[in-house]
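Two complexes are shown next, each including subunit A; its partner changes from subunit B in the first to subunit C in the second.
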Partner chain A sequence: MSALLRSLRDGRGFDVALAALALAYLLVFSAFPLIYNIAMSFQEVDMFSLGDLVRPFVGLANYRTLFATPEFWSIMSNTAIFVILCIVFQLAIGFGLALFFQQDFIGASYLRGLFLAAWIIPALVAGAIWKWIFAGDFGVLNYMLMSTGIIDEKIFWLSTPAISLYSVIIANIWLGIPFNMILLSVGLAGIPKDMYEAAALDGAGPWGRFWHMTLPMMRSTIGAVTCLGVIFTLQQFDLFASLTQGGPANSSNVAQYWSWQLSFQNYDIATGSAVSVLMLGFVIVVAFFYVRSTRQEYQA
Partner chain B sequence: MKRYVLLVVALCFLAIYLFPLYWMYLTAFKPSSETFTYPPTFWPADPQFNFLQVFVDKKMDVYLWNSLVVACGTTVIAALIGTGCAYALARVRNVWMDVVLFLILMMQVLPPSLMATPIFVLFNQIGLIATPRFAVILAQTAKVLPLYIVLCRTSFMQIPKELEEAARVDGASRITAFFRIIVPLARNGILVTSVLIFLQSFGEYVYSRTLISQEDLQTATVGLMNFMGPNTTDWNGIMTYAVIYVTPIVLVFMLLQRKIVSGLTAGALK
Partner chain C sequence: MANFTKTLLLGAAGVLAMTAAATAEPVELNVWTIDRQADPGYNYVMADEFMKLHPEIKINIKRVEFADWANDVMRAVATGTTPDVAYVDNPNTPFLSAKGALLDLTPYLAESKIVDTSKIFPGPLSSVTWDGKIYGLPRGSNTIALYYNADMFKAAGLDPEKPPQTWAELYETAKKLTDPAKNVYGLAFSANSNEEGTFQFLPWAQSTGADFDHIADDGAVRALEVWQKIIDEKLASPDTLIRGQYDSMASFNAQNAAMGISGPWELPRMSKDAKFDFRVALLPTEKAGDTRASALGEGNNVIFAKSKHPKEAFLYLEYMYSQMPRVWNEFGFLPSYPVEAKDPKWADQYAVFAESMKYARVRGPSPDWAKISKAISTGIQQALTHQADAKTALTTAQTTIDGIVKK
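And then the complex of A and B:
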């Protein structure tokens, strides 16, 4: 016993105890709910059996109900569109800005940091601001587009089923740009300057240098940022809550918002947890690739 | 010359990008009649200061206090539990620690809106729903703890091992060395990470909305959602609310900008 105490106070046990404390917390409050969620998705859960410890086992019935819901495939394809478009534009704009701020001028790194002001504000507040910008009658976006002649009549960004999803995508791209830019800047800063000088001496133009040097050197960074992008866009909930609430008629609904709606607005907790299990499984696979890509970079 | 051109272009980019924030501040200062003029004005003709009125009418003191409770509780628990773990992960390198790090990184990615369902049912069963703000703190801590550990770990890795070994030779126990040598040296990293966690938790929405049912315990995000409602017209008031809520966050960020950015970049890719 005293040997254990001594180890805890003064030896290996100290490190183990410190690591175990945090790990235990995460196992209780993250890993356990995760497993509990999988169990629930095979059970009949409603408002009456909510407090019960043992609930009737229903096998795959919840998943069958889920796949049979008419909106399932449209919501899943919305989710895919949301993730893909957000990542493509966040990455492209973020990369462009990162390249621009890589140049040598006064205040470059300070101004670059200011972009993160948008990232630090609560996403729900960002959603409120965008809802006001998107407003059909008095929104400033419609005014700007009309006065520059891009559109002829007011667009109802949030209440037109064909457009609502893309409005949320625009807002989410806006939110995600700074984070992408900052991470890509780190990758750019890691490319040795003399490589560019050597390439310039060999007669490579700016386009050639970007294509044959910057992009290949940035491959692992872009991979990591893309994985993080998938993870973060699938965490986006607040924008949906504040902008469209998935509407009109589920036209802008995505899986992570739908799961919450099913559980807490329709009180259909079993189906909500089935959606949740599917999406969590997907996120964990992406996270696996992300962690692997950062580990490789770390070892290299 | 080229450098000044670049600076001007950079300022233009920043101005375009931050326009939504400008629009929020601008709308807050406009009187409500001017808010709904078309074409809109880009500078308030007759600036109004109805901050106090919105603050009192919308009971923002209650909401902001609850947000503060959630953010403080989360930051304190994350710092208490996470700091030691970050240190152990930075110091010891073996297969077991790699497994721990892997598990922690995996738990960083779980979306709160998907975790809300099992956490609600679980907390309901063990009675934690009776103390809703504490329940939100526990859930939110589980969300931000991995990020805290990963970011703090990088600042512990920058401390030379020799400093601790010197203290050990002088007879300090590991606990003494940890609290007297290591933590003070990593103070900056710990502080910046805590501020980041605090700011994130101050804007928490999913868990507050899910776990808190009493109106007077709800956070400022839920208050803003209630204010917005389905058919909003009081944009003037909503933007005033947003300004009151966001301005402290933006100020803290501006003050610590450089440190937050460098801490963030060091942690996320390593």
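And then the complex of A and C:
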């Protein structure tokens, strides 16, 4: 008994106990819900069998139903457009701003701090603000564009099927820029200053330094930020809920919102789970790249 | 003689039951509601009054957010922790009764001296009926009608005593009242992608004889084509497709729409915000004299099958049901059976809505209403955004619905 206690206090037992705690946490809060979700996507589930573990097994029927829905492919392509455009612009603008604030000028760090305000705002509040900006009849954006003579007719940013998805993308890019900027700033701060000085002495211009020094040194940071960005973008739910609810006619619907609609509006939990399993598969691939890019960081 | 003995026996049983109740432990009833304690708070008021009448029964109220309602009830049914009594939105009632989650009230109703189900309006009655049995009692209802701005009618040279009666008149009137220069649309309504879109569209379809199980009928197609025309010609804001009824009606109150389709729940806000003469008319039909239809809102009080105190729960349901004459003035619901409302608030508007109640039809009833509703609102939106013509969109919706209903 005392041997066990001693081993727990300082010895192998302590290590095992720590690992077991972390493992137990992962099992209960990550593995179990994940497996439960995957299981549900192969079962016939309704509201009343939600608490049971044993439910009729239906094989791939839920997935077949899913693939057969007429909106499946358009929602998947919306999701791809949403993720790609958001990431590209968030990263580009965030990187630009990070480089800008890396320069030495008065108030640079304060201004950079101010950018974080956008990140602190809850997405639902951001959604309410953007809804007001994008409103068709009395929106701020339309008012600005019309009073400056850029457009003659109101644009219905949220209710025109060809535009609605892009409106949500614009809002989400705005929301994601601070996060990208901060992480990239941290990466930039990690590049030793004397390297730049040496390169400048050797005659490398600003572009040369950016292409041949900053970008290669930032590779793993950019990789990590991109992977996290993909995951955060796939999580974006509040903006859809507050701006368009995926409409009109699913023109701005994406997988994560659709999964929620199926599960909690249609009570079609099995099909909703199937959508989230598809997303899960994709996120696992992204997470794999994320882990790889951070591992290189350690080695470097 | 036989009858007399029976009455005597029943009476004796009644006395026994009463003494049993008097000596037994105080009964606790758990009640779930979506009411807020602060504003009218229907269930809070009812429970207080009921407990004064029945000191031996204690009522614990738990408030559930309307948006979380389905989730919370789901979880409760799945884990066997359902309350005794709950409020259920009317289109969701069949979902619970069909699965046996609710107590069949039919035997209790047979002995009730307070409830006469034959008096309940057909809409609310069919929402609590499943397979010939009754699974709940309506607490009140609501429905939709056409609000219009009488001042704008006069200004446009229209007779405010003659609101549009038919779809064609509605279209013409909306066209006359639309004035883009002044930011005024002719009509405000909701065609969004969830329940509200379906809620607003169904009465149009139903008045032509169509319904959710034959939604691609010609009448429904014609109704959707009228909606298309109204949106295409911008007689209503394109944002109609992403706005709920409450937001749409805000534009009516602000005089940015001359007419609006919505329900009596708008009246408190409207009487504060709307600085003009607002009136209400029955929902137009396709041709004068067509069968009328209107939507049915609000919901029912139900008892869960696993309740340990069904008798006391039923007493509470009876009490709430008996208070129907008050619901308009105090809680803003329309009575679900004909009552004599004394001195009703907004008397003119009340008269129209009360009449509209006669035509209010239940959505469904179907245990899969949520899925059916989604199919219909998707069809509506496809047609309004011209991804498909009205016939194709509704035929697609019908195919989806057939798949759901047959399953």
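Everything that follows uses one rule, which is that the second predicted complex is superposed on the first by the 285 of 300 C-alpha atoms of A that agree within 3 Å, B and C clash if a C-alpha of one lies under 4 Å from a C-alpha of the other, contacts with A are read in each partner's own complex, and residues count from 1 in each chain.
Heads up, the rule we're going with is that a contact is a pair of C-beta atoms (placed from the backbone, for glycine too) under 8 Å apart; a residue touches a chain by one contact, two chains touch by 3 or more.
Remember, it's a predicted structure, so these values are computed and weren't measured experimentally.
When the two complexes are superposed, the chain touching more residues of subunit A, out of subunit B and subunit C, is B. In the superposition on chain A, A:Ala135 makes contact with both subunit B and subunit C. By the touch criterion defined above, A:Val285 reaches neither subunit B nor subunit C. By the document's definition of touching, both partners, subunit B and subunit C, reach A:Phe264. In the superposition on chain A, contact is made by A:Trp174 with subunit B only, not with subunit C. In the superposition on chain A, A:Ser159 makes contact with subunit C only, not with subunit B. Once chain A of one complex is fitted onto chain A of the other, the partner contacts of A:Asn250 are limited to subunit C, with no touch recorded for subunit B. When both complexes are overlaid on chain A, the residue A:Asp104 reaches subunit B alone and has no touch with subunit C.
On subunit A, the surface touched by subunit B in one complex and the surface touched by subunit C in the other have residues 50-51, 135, 137-138, 264 in common.
Looking at the complex, you find that subunit A touches subunit C at residues 46-52, 70-71, 135-138, 156, 158-161, 164, 244-251, 261, 264-268.
If you check the complex, the residues on subunit A that touch subunit B are 9-11, 14-19, 21-23, 25-26, 29-34, 36-37, 40, 45, 50-51, 53, 97, 100-101, 103-108, 110-118, 120-126, 128-133, 135, 137-138, 140, 143, 147, 174, 177, 182-183, 185-187, 221, 224, 228, 231, 234-235, 237-238, 241-242, 256-257, 259-260, 263-264, 269, 272-273, 275-276, 279-280, 283-284, 286-288, 290-291, 294, 297-298. Contact residues of subunit C toward subunit A in the complex are 70-71, 73-75, 77-79, 95, 99, 101, 183, 192-194, 237-242, 251, 256, 370-371, 374, 378, 381-382, 384-385, 387, 396. For subunit B in complex with subunit A, the touching residues are 3-4, 6-7, 9-11, 13-14, 17-18, 20-21, 23-24, 27, 35-40, 81-82, 84-85, 87-89, 91-92, 97, 100, 102-122, 124-125, 138-139, 141-142, 145-146, 149, 173-175, 178, 199, 202-206, 209-210, 221, 224-225, 228, 232, 235, 238-239, 242, 245-246, 249-250, 253-254, 257-258, 260-261, 264-265, 268-270.
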